[in-house]
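What follows is chain A paired twice: with chain B in the first complex and chain C in the second.
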Partner chain A sequence: MAGLTRITSRLAQMLFVLWAVATILFFIFRLAPGTPLAAYIEPTFTEEQQQALLQRFGLDKPLYVQYGIYLRNLVRGDLGDSFTLNDSVASVIGDVFPYTIALTLISLLVAYLIGVLMGAVLAWKRGTWLEGWSIPLVLTTRAAPEFWLGMLLMALLSFNLGWFPAGGAVSAGAEFSSEWARFFSLDFLKHLFLPALTLAIYLHGLPLLLMRSNMLEVMQEDFVTMARMKGLSSWTIMVRHAARNALLPVATAFALGIGYSIGGNVVIETVFSWPGLGRMLVRAVAANDYPLAQGAFLVIAAVMILMNFVADLLYSSLDPRVSSGHAKH
Partner chain B sequence: MATRSTDIARVKPPSRWRLFLGSLSGAGAVVLRDPYALIGTSVYLVFVLIAIFADRLAPYDPLEILFTPDGNLAADLTPSAAHPLGTTNLGRDIYSQLLYGTRSALLVGVTAAFFVVAIGTVVGLVAGYFGGWVDTVLMRLADIAFGIPFLPFVIVLAAFLEPSVWNVVLAMALILWRDTGRVIRSQVLTVRERSFIEAARVSGSSTPRIIFLHIAPNILPLSFLYGSIAVGWAILTEASISFLGFGDANVISWGYMLQDAFVSQALSRGAYYWFVPPGLAIVLVVVAGFFISRGYEELLFPRLTEE
Partner chain C sequence: MRKLVILIAALALTAAAWAQGDAVRTLTLLTRPQTVAPDEFQAAQLVAQQWRQLGLDVEVRVTPWEQLADLVWFNRADWDMTMWRMVGRAERSDPDELIFNLYHSSTADKGYNFIGYINPEYDALVEAQRTETDPVARQKLIFQAQEILSRDQPEAFLVYPLSTYAFRSDIWDAATVVDQNGIGIKNFWTYTGITPLTEQKDLVLNFPDVVQAINPFYISGAVDSWITELIWDRLLRIGPDGLPQPWAAESFSWVDETTIDVTLRSGMKWHDGLPVTAEDVVFSFRAPAGDEVPMYKPFVTNIDDIEILDENTVRFHLAEPSAAFLTSTLAKVNLVPLHIWGPILDDLANKPDENAEDIQEEVPIGSGPFKFSSWRRTQEVVLEANPDHFAAPKIDRWILRIVPNTEASLGMLRSGEINFLSDYKGDPQVLLQTAESNPIKVVSSADIGFNYIAFNNRRPPFDDVAFRRALSLAIDRDFIAKAAYKGYGVPANSPISVALNYWNDPRVDELGSGLELAKSILEEAGYTVDRGKLHYPEGVVESLGN
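Then we have the complex of A and B:
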């Protein structure tokens, strides 16, 4: 039952953080230059549009009433209307969200697959020239700005060699029978390749270093020594015993990585004109499209908070050493 | 470290300076012993010197539009003796921009790191030492900070403030203290149970005195570790924000140079001499920070080196 109380308390904590972030955002956007209406109403809207929005968000009412309406609308998924795109924010975000998810998941999967394998190998080859050269190289990929990596790859593989398209998600004029057909077309995958490769190079360092240090730690433990004394081959020990135990924290990092990448993709999506949430946020902010900027930010934050929660649960359920009680005194 | 502090606490009140210098010389010793830390520190020193003397080292004003002797605009020149890294499409000297970019990078990096670590350390010390509701409030604040996506936050902030490199510093100070704060707090929880703290408490030391004189010196190496990583973070963030076009267009930074190159089609023209150097400069500074922090890690977790 201790597990259940833990989940409930974490859930409460997650909702609290969601509420706090939404509240902070409400006040930041009320500081928008001009009247309080500026956050929702563009001067070019027609009189009727303005009146309708005034009603919908209670913009003529006192601040605390507006705040109440804001929270209520948020719960209903109503984020207002975009200034620039002539559509509701929720529907605009719904359109671009799959692109961000596709990019994030593919690059994280590749990054973690490669990172975990290389990390395990490097732990096994500790003290060799391979390790001596790999670690600084991996640190370099973590130190390089991701958009710069993207620029290099684009200049080299796209402009110089012409292997991949330089931006966008599908070729101009391409038509598909359905949304699914679009996401699985060769054209889409070709466009996805460069941004995903860039992100994978940038992201693989964390799982690699984590896996390596976990492996080194696990290999010191009694059960590995025991296995060695039983005469098991090094391969069996590495895969069956050490790697399995070293994987636990990596799984947690993966969940966290989804949340952080969705926020961090902003620059990569801009470099490759990838029609995702991050690029949408940048364009909304540049165009003073406040409702869209606010909505995009909230969705990114919500995904991140949700993933923090998932990571937390994963961590405690995968690792029996973490007790559910707080270490208080 | 622990035994020495115990002696100090028992014998007489320690001098502030002795404790401070003690942790500094500890830091110095790490730098000299660890080759990585030595490389990292040397790289930093070189960049600091470049930043200080940028106006004397740079052959041109970084924003000046140059002309060739025959009166034409000196645009898109490939590297030559007169322009070691060529010129931009508007006829500006890239090498001079690169040198000047060191200034804003280091300025933003060091200031942001200072605030992040200072706030995080104080929060961690206070939360860890007092516990109770103070701890609860501060840690819930940290939870909220962990719920705010950092880069999007800087972008939204940039929308409401004047474009300036200081937006990055402000955003980092507001959000990124969370990591340092949490780690320092858990460290304080273990330190405050040690006997020399108990001794200080029994002998009537005031609370601020215990926190800042007895506990803080044990925490400082950890703060340095986070600081050396935070400098790199700040430089990377500043570069991203400038690249996205939310930076100050009147201040030359490496991120601004990359954005300039990107929007001026330097990629399709294959002008590698334009967009490779600023990125390499960023990599060098950030890796240097990693190398220094690696040295501190060996000070903090000596177990790793004994294998």
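Then we have the complex of A and C:
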């Protein structure tokens, strides 16, 4: 039963954080300078139109009334209607969310796969020439600006060699029998390749270096020396013993990485015209589209909080030495 | 004796101090960031440099568009100068919208005359041109208005930008691409007339921002209007020459100054198969007069009544004669189906917090040359040709791709991912270079819009005509056009673009310029320069100190 109370208290904590985020978001936008009406300024923009717009956006009511309406709707799962796009916030976010998930998950999976393998290899090959030029190379990919990397790959693989398209999620006017068919089509994968590759190159540095440093630590441990004395092969030691232990922090980094990447891909999305959440968010903030910006931020916060939780769970379940509540690592 | 000398010296010094007013404070010039509007930013820097040579302390303040618009529009007393621009639209082919709303005193408080220019002489002129239906007499009035603006310089016009677009000349027949005055090749006539040369029958174009709405009652964004123009018909359309011509109306004739008969083309159908009737036309013009269609309301307020004479003819009764009626109303209001929008608007009447702008049809129905096919807001809009239309397009589909990356759009044109570059904000030189070694045709043309520096006429020293004139004449517009706009701008001195050659007054272009000229104007008006700083005329204090 201790486990159950732990989970419920965690859930309560998460809800509290979500509420705090929602409240901060609400006030930040309304107290910051700027107004959503700026986008509507036209030579024929009359005072009646301005008033009508304010009414439509609910901005003519006092702040605390607006907040009350906002919370009440939030509890019912209603994120409101976008000011600039005449659609509900939930619908707009729902349209772009799958594309962000697809890009984030694929990129992270590839980045972590490559990162983990290479990290392990580099740890094993410590002191060799391979390590000598790999580490600087990895650091370069991590330091290089994403858009530069993206434009480079676009110029090379799309414009020069013509292997991949340069933008969008599917070809112009392409039709599919269903959303699933769309996401699993070859067309979609071809369009996903370049942005995912760019993101993967950029992201693999973390798991690689993390894995490598963990491996180096683990390789100092007694049980590895023991295994060597037992005469086990390098491969067995590396995979069955060292890597498993070194993977624990990497697993949590992966969970956190998802949370972090979910809203942060705006650069890649702009470079490759990828229809994701990041670009939508930046646009909403710039246009003072309060409901859309709040909704998008809230979704990102929810994912981050969830992934934090998952990371905690993962860690405490993978490592018997750790139990939440007494975490001391 | 010595006391006398000291007294005289003291008097002389006091006199010297009195002979000049206070030093002019630091003046701020607002501009959008360099990454978003490099030409505007550059122009601001260059102009500020020129003004500093007059003894002014000018600070260029970079502000993102939303904050800038908020400050300029909602805090009219709190800014000095700002860069600003008017964007070209087909309906602005008639000068009325700009020449009235930007400078008439009635819009100074809350409307588009945010510079606060109040001139009764000007007011009278632009009110008169509104109701003057004889084009020659009207031209005279509009020329006079431009001359007053040139004399008063309430804002310093900079350039009419040249917009650059391109298309694949191996895919599209260049002879069928239409360059519309002030709009460029990305216009309605091109889309409906362009003819393919190969099996590629889809026109794929680009735009950097998302489509906000596809709604005939909502002017929601520049690119949205490209789509509404294709899905819905209008009685008249602005032709490639910038003048209104019959479209859904077969013909029209003025019965008298305030009455016009319009004959509808027969055989037109909505995309759902039902016929377009005179009732639909009446509804389309009556609906905006209510409370549910705020953006179109200003364009129909002059209509007193609409009569149906027979099943194909409709008679408009206007409250006042209006020179711009054809362009600003008949060529602007979309024809919408009564059977779809009637019930929607009735329903909205019961919802005070919503209006027609909140409605988004799942499958928008119009009667235009293109039918709605599909729409993914952040990715693309697909329209298919309407073969039953009287001006059926020669292409299969019109596909708009959302491409926020300008450099990528150029590469896509080259690789064929798009085949019509309908938005390009990058370096025109790069585009031209690419066109040299690829089957790409580039077309640049002057926009109906214009870029300018707005002076806040409410705040001194901008309330002094001489000061404004001096600042404006200190600007070397040829230099700005070359340096900031890379040659892709025509020097301007009027809100009416050279693209509208009938209405643009060529005399106002003979604006002298130069620092010496500016300095002499300031001197004549009593300004002095003391130790490099410009001072107000004698007795004037700086009331808005920093």
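Methods note: the second predicted complex is superposed on the first by the 273 of 329 C-alpha atoms of A that agree within 3 Å, B and C clash if a C-alpha of one lies under 4 Å from a C-alpha of the other, contacts with A are read in each partner's own complex, and residues count from 1 in each chain.
Please note the rule applied: contacts are C-beta pairs under 8 Å (C-beta built on N, C-alpha and C of every residue); 3 or more make two chains touch, one makes a residue touch a chain.
Keep in mind that this is a model prediction, so the values were computed, not measured.
Once the two complexes are overlaid on the shared chain, A:167 sits against chain C while remaining clear of chain B.
Contacts of A:293 after superposition on the shared chain: chain B is touched, whereas chain C is not.
Looking at the shared chain after the overlay, A:98 reaches neither chain B nor chain C.
In the superposition on chain A, A:13 contacts chain B only, with no contact to chain C.
Look at A:155: by the touch rule set out above, it reaches both chain B and chain C. When the two complexes are overlaid on their common chain A, residue A:271 makes contact with chain B and with chain C alike.
Of the two partner chains placed by superposition, only chain C is touched by A:86; chain B is not. Of the two partner chains placed around the shared chain by superposition, chain C is the only one that A:46 touches, whereas chain B remains out of contact.
Residue overlap on chain A between its contacts with chain B in one complex and with chain C in the other: 33, 151, 154-155, 159, 166, 270-271, 286, 288.
Chain A meets chain B in the complex at residues 13, 16-18, 20-21, 24-25, 28, 31-33, 126, 136, 139-140, 142-145, 147-148, 151-152, 154-155, 159-160, 166, 216, 220, 259-260, 262-264, 266-267, 270-271, 278, 281-282, 285-286, 288, 293, 296-297, 300-301, 304-305, 308, 329.
Across the complex, chain A meets chain C through its residues 33-35, 37-39, 41-50, 52-53, 55-56, 58, 81, 84-87, 92, 95-96, 151, 154-155, 158-159, 162, 165-170, 172-173, 175, 270-273, 275, 279-280, 283, 286-288. Put simply, chain C touches chain A in their complex at residues 64-67, 69-70, 73-74, 86, 97-98, 101-102, 109-112, 202, 204, 209-210, 212-213, 215, 218-220, 291, 294-295, 297-299, 352-355, 357-360, 374, 376-380, 382, 397, 399, 401-405, 407-409, 411-412, 414-415, 417-418. Contacts from chain B toward chain A in the complex involve residues 131, 140, 143-144, 146-153, 155-160, 232, 236, 239-240, 243-246, 255, 258, 261-262, 267-268, 270, 272, 275-276, 278-279, 282-283, 286-287, 290-291, 304, 307.
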